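Two complexes follow with chain A in common, the first pairing it with chain B and the second with chain C.
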Partner chain A sequence: MTRTQRLFALAALVLLAIVPFFVTDSYTRHVFIVAFIYATVAVNWDLSLGLGGLFNFGHVAFFGIGVYTAAILTTALDVSPWIAIPAGGITAAIAALIIALPVAKLQGIYVVLVTFAFGQLCLQIVLSQGDLTGGAEGLVRLPYLTIGDYKFIRDFKFAYYYLALAILAVSVIVLLLIAQSPFGKSLRAVRDNPDYAASRGISVARQRVLVLVASSVMTGVVGGFYAIYLRVASPEVFGFSIATLVVSMVLIGGAGSIIGPAIAALALTFATEAMAGVRGMEEARFIIVAVAMIVVLQVAPGGVVDIFGRLLGSGRKT
Partner chain B sequence: MPDPILTLSGVTKTFGGLTAVKDVSFSVMQGEIFGVAGPNGSGKSTMFNCITGIPFGPTGGEIRFKGQRIDKARPHDIFRAGLSRTFQKDAEFPDLTARETVALGGHYGAGLRGQHTRDAVEEALDLCQFEPARRDMQTADLSVYGKKQLMIASALVAKPDILMLDEPASGLTRPEIAALDDLLIKVNAIGVTILIIEHVLGLLLSVSQRLLVLNNGAVLTEGDPKTVIRDERVVEAYIGGAAA
Partner chain C sequence: MDGVLIPTLVSGLLLGSLYALMASGLSLIWTTLGVFNFAHGALMTLGAYIAWTVTEQLGLGLAAGFVAGIGAAVIAGVVIELLLVRPFYGSRNMMLITVMTTLAASTIIERGISVIWGPRLKQLPRVIDGQVNILGAPVSAHETLIIVLAPAVLLALWWYTGRTRSGRSLRAVGQNQDSAALIGIDVPRTFSLAFGLSAALAGVTGVLLGSIRFITPGLGADPLVNAMIVVIFGGLGSLGATAGAAYVIGMMEALLVLWLGLYWTPSVLFVALIAVLVFRPNGLFGKVSA
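Take a look at the complex of A and B:
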C-alpha cells in the first residue's frame, strides 16, 4: 500500500467517524451500519479470494455461522450478546478449518464446488434443526447490546454505528498488515504460481488452510454482530443473494486490494438501497449490480481501486 | 572422491501407458557441476520434476539427498532440506518485487527473519549481479535474463546444498549466456553443487564436470563431457540430429 493510499484510507476513516454528527436519522445510519457489515464480509473474502486466489464460494457461510452462533447462544443458552458476537468468530474459524482440510489440496473448479456445497450443507443443517435454529422461520427477538443501563438501540443507533465501523476498521487494518507481511506475500506467491512457491519452501496446502481460517474470523464476528443488531437470525444469510452481492463488492472494488471491496461495499449498499425506493427497481437493482460488475471487469479488471490508483498515479499493489 | 549428495536409483515415471523416465540411476557428487543432456522428449525435465516433487514425484525407484530418501517428501520440505531448483519457463510472482520474491525463499526456505532476511536477500542478489536499481521493480517488468537471475537468487538465498537448473539458457542472448556461465562457476565456487539440464551444449560443455545423456527416458551414457559427446550413440540420438 502506497503512502497516498494510506492517507486516503485514513481520511476515509476520519470522514466515516464524523458522519453520525451530520447524519442523524435512524434510517441512513442503518444503511451505513449494513454497509459496514457487508464491507467487513467483503474485505475478509478478499483475503482468501483476492490475495489467496482461492475460489472460496462458501465464505458467506462463515457469516451465517456467526449469525446463528450469536442467535443460538443468546436465545437457547442466555449468553450475553457481548460474548455471543466474538463466539461467532470462533465457530466460523472452526468451520473454516474443517472445510479447509479437503480444500487445501484441490484446484480451481473443485474448490468452487466443495465450498459452494459447504454453504448449502450449512443451510440444510439450519433448516433441519428447527428446535435449535428456528428452521425456515429463523430466530427472532434476540437481545440487544447494552453497556450498563445504556441500550445501543437508543440515539438513532449511534453506538451501533461506531461498533460496526470499529469492526470494519479493525478488519481492514489487520488485513492490510497481513497483506504486507511475509504471510501475505506468500499468499500472492501461491495464488500466482503455486509450483514456484512450493519450490521456495512455502507449503501451499498450509497457506490455504491458514488463509481460509484467517478470513473466517472477523466474518464470523460481524455475522454475530449482524444477528444482535437486527435481532434476528434468518436462513437467508446462507442464500445466494447475499453471496452474489458481496462477491460483486469484491470484484467491483478490486480483488486483492482490501480497500477496494470496502469502498465498493459502501457504494453498492447505498446504491441498492436508493434503487429499492424507485418503483420497478426493487428486483432490477440486482441486475444492475451484476451488469456493473461485468462492465467494471471489462473496463478495469483490477476494479475501482485500480482506476483510483491510476488517477492518483500510483500502482494497485496492496 | 567426494561423497554423492544426490542419488537416483531405478527412478521411473509413468503417465498412464507412457513411460517418460525409465529406470534412471546416477549420482551427483558433492561440489561438482553435473550436466544432463538429451534431445527433446528424452525425459530430462520429467526427471527433474521427480527429484523435486514439483509437480509430481516418481512412480517408482528411490531418490536420496544427503543420504535421506526424498522421493515421497513434500516439495517445500525438499527445498528446506537444501535442494533448490529453477524452472525452464520464466517463473515469477508478478505482483511481488525482486526483493520480495527473494525474501520469500529466505523466510520460508531458511527460516530467516527481519534483518537477517534483508541481509541474505542483498547477498543473494549481489551474487547474481542483479542490478540494485531493479531490486524494487515488480518481477513482471523484468527482462528474461532478469527473471532467470531472480530465480537463481531466490534459490540461493536459502543457502542450498544443491542448485538444479532446468534449461537456464533458453531465451537468452549470447552475452547473457556468457554471464550465466560465469555466474554458475561463481556459485559452484562457494560450495554449491549444481545439476544442470541444458539444450545449449556450449554452456553444458563449458561448465559441466560430468555429463549424463538421456534418450527416450533412459540413461544413454554418462562420464567426462568431452568423451560423452563423441559417443556414437549420443551423436546418433542427439548431436547427430542437431548437426543434420
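Take a look at the complex of A and C:
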C-alpha cells in the first residue's frame, strides 16, 4: 500500500460520502447501496482468495448465512434489527470455523470442491427447513431499521446509504490494515511459496482457519444488512449467479489488491443495473459479465488495478 | 420393511448410476488435464434441451434427439476446451483460472438456455414405457434401462482408456505431458478428445435425466453438486474409485431418505463428507494428491 494508493482510497471515500448531496433520487441511491453491499462481499472474499491464495468458493455462503440469520432472528424471535445485523457476522464466523476444519488440511482442487459443496449444502438446508426459512419463497416483510421514530427508508434512503458506506469503509480499512500487518505478510508468503513459508515456521493450517474466519465476519454482517435493507431473504443468495457475479468483481478488479475488487463492484453493479433496464437483457447481462471476466483473465490476469498500476508506473499490487 | 427396502435399493442404484455417469466425466478431464470442469452440469442441461427440441419440436423421434443432444454437448465441450481452457495451459494458476473460466461458461450456457428456451418446463418421452418387476417391486422400465446402461457405459470407458491406442494416449498425457509428446502423441488433440468424451458422458446423463425430471435451465446444478460430493469421496484419481464412490453415495442417499426423510439427508451426507476429509484428505479411496 503506497502513499498514492492511500490517498486515492481516502479521496474515493470522501467522494462517496458527498454523493448523496448531489444524487437525490431514491433509485440511484439504491444502486449505490447495493453496490456497497456487493463491494463488501467482494473485498472480504479478496482476503481469502486473493491475499490468502485459498481457493474458497463458499464465500457467498457466509453472506447468505448473514442474510438468513438476520431474517430468522427478526421474524421468528422478534429480535431488533440492530442486534440481528451484527448477529449475522457471528453465525458466519461460526460457519467459517466449521468449514475451516476440513479445509485446513486439504490441497488444491479439493478446497474448491468442499467450499463449493458447502454453499450448496446451505441452500439445501434453507430449502428443506421451510418452517423457519420460508423454503423456496423465502422470508418477507422483515422489520426496517429505525432510530427512535426516524425510519431509515425516509429522505430517499439517506440513512441506509451512509450505513452501507460505513460497513464498506470499515471492511476496506480493516482489510488494508490486515494486508500490511505481519499476519498479512505471512498470508502472502503462504500463497506464494507454501513450502518455504512452512519451513520458516508459519502454520499453513492455522493461517487458513484465521483467514476464513476473518473474511467471514463483515460478510455476514453485510448479509444481515442486505436482508434488513431489502426486507426479504430469498434462497437465491446461495445460488450460482451471485457467486459468479462477485467472483468476477474480485477478478476483474484484481485479486489481492482489496481496492480493485471494491472499484469493480461499484462499476459492475451500475453496469448490470443499467442493463437490467434494457428489454431482453435481464438474462443476457449475466452472460456479458461472465464474458468480461474471461477476457480480463486472458488479457490482464492482474485485473483492472494492475492495468492502472502499469499505466501509472507505480508498481505492484499490495 | 421388505416392501420398502427393495424400492429404496433400486432408487439407490438409479442415483448411483446417474452420479457415476456424471462423476466419471469430471474424473476423465481431471486425470488428463488437471482441470475441473464446472460447466459439466450446464453441458448436461444443454444436451437435454437440444434432445427435447429435436424430439418434440422438430418431431424427428427420440433416437435422433438423443444423438443431437449428445452431439451438441460434445461440440460445446470441445469449444470450452479450445476457448476457455487452452489459453491457460502452463500458467502457474491454471487450476484456479480454469475453475473460474468454466464457472463463467456454465453461467453463459445456463443463461443462454433461458434466453433461447424460456422458463417453461419441458420433458422428454421415456425410452421404454411400462414397468419391470425386480424382486417383486415394480420399477419403471426407463429407470431400469438407466441402471443397466450406466455400468455398460462405464465398462466401455474403462475398456477404451485401458485397451485402445487413443484411450491410452489420454492416460499417457495425464501422467506426463512431455514424455507423451516425445513418443508422438498429439497432446493438444488429446486434450480436446478428453473434453469431448467427458461432454458426451454429460450429454448421455442429460438425455436420460430429461425424461425422469422436468428440464429447466438449472437441471444440471443439483447433479453437478452431487457429482462433486462423489469425487470428493472417491478422489479424482481413477475411474474405478469414482464409480465406486458414486454407487456408495447413491445408496447412502437412498437409505438416508428412507430413515431420516428428505429434510436431513443433505446435511448428514455433508457431515459424513467432512468426516471423511478430516481423516482422509484425498478421499475415501484416493491416493493421488491434487
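We take it that the second predicted complex is superposed on the first by the 318 of 318 C-alpha atoms of A that agree within 3 Å, B and C clash if a C-alpha of one lies under 4 Å from a C-alpha of the other, contacts with A are read in each partner's own complex, and residues count from 1 in each chain.
Operating definition for what follows: a residue touches a chain if its C-beta (ideal position, glycine included) is under 8 Å from a C-beta of that chain, and two chains touch if they have at least 3 such contacts.
From a predicted model like this one, the values you see are computed outputs, not experimental measurements.
K.L.:
Between chain B and chain C, positioned on chain A by superposition, is the outcome a clash or a fit?
P.N.:
Overlaying the two complexes on chain A (C-alpha atoms) leaves chain C and chain B fitting together cleanly.
K.L.:
Looking at A:216 after the superposition, I want to know if it touches chain B, chain C, both of them or none. Which is it: first, second, both, neither?
P.N.:
neither
K.L.:
In the superposed arrangement, does A:193 touch chain B (first), chain C (second), both or neither?
P.N.:
Once the two structures are laid over each other on A, A:193 reaches chain B alone.
K.L.:
Just to be sure I read the superposition right, which of the two partners does A:102 touch: chain B = first, chain C = second, or both, or neither?
P.N.:
second
K.L.:
Once chain A of both complexes is superposed, is A:201 in touch with chain B (first), chain C (second), both, or neither?
P.N.:
Touch partner of A:201: chain B, not chain C.
K.L.:
Which partner chains sit in contact with A:44 here, chain B, chain C, both or neither? Use first/second/both/neither.
P.N.:
It touches nothing on chain B or chain C.
K.L.:
Answer with first, second, both or neither: which of chain B and chain C does A:185 touch in the superposed model?
P.N.:
first
K.L.:
In the overlay, answer first, second, both or neither for which of chain B and chain C A:297 touches.
P.N.:
In the superposition, A:297 touches chain C alone.
K.L.:
Once the two complexes are aligned on chain A, which partner has more residues of chain A within touching range, chain B or chain C?
P.N.:
For chain A, the partner with the higher number of touched residues is C.
K.L.:
Please indicate which partner A:69 is in contact with in the superposed arrangement: first for chain B, second for chain C, both, or neither.
P.N.:
Neither: A:69 stays clear of chain B and chain C.
K.L.:
I want to verify one number. Taking the Cα centroids, what angle sits at chain A between chain B and chain C, in steps of 10 degrees?
P.N.:
The C-alpha centres give an angle of about 80 degrees at chain A.
K.L.:
Working from the superposed arrangement, determine the closest approach of chain B to chain C, counting only CA atoms, in whole Å.
P.N.:
Scanning every C-alpha pair, the shortest chain B to chain C distance is 10 Å.
K.L.:
In the superposed view, which residues of chain A touch chain B and also chain C?
P.N.:
On chain A, no residue contacts both chain B in one structure and chain C in the other.
K.L.:
What residues of chain A sit close enough to touch chain B in their complex?
P.N.:
The contact residues of chain A facing chain B are 182, 185-186, 188-189, 192-193, 195-204, 256, 315, 317.
K.L.:
Please name which positions on chain C make contact with chain A in the complex.
P.N.:
Of all residues in chain C, those touching chain A are 30, 36, 84, 87-88, 91, 93, 95-97, 99-101, 103-108, 110-112, 114-115, 221, 225, 228-229, 231-232, 236, 262-264, 266-267, 270, 273-274, 277-278, 281-283, 289-290.
K.L.:
Sort out for me which residues of chain B touch chain A in the complex.
P.N.:
Where chain B meets chain A, its residues are 52, 54-55, 74-76, 79-80, 84-85, 87, 91-96, 100-101, 103-105, 107-110, 138, 154-155, 158.
K.L.:
List the residues on chain A that touch chain C in their complex, please.
P.N.:
Residue list for chain A touching chain C: 55, 57, 98, 101-102, 105-110, 112-114, 116-118, 120-121, 124-125, 128-129, 240-241, 244, 247-248, 251, 280, 283-284, 286-287, 289-291, 293-294, 297-298, 301.
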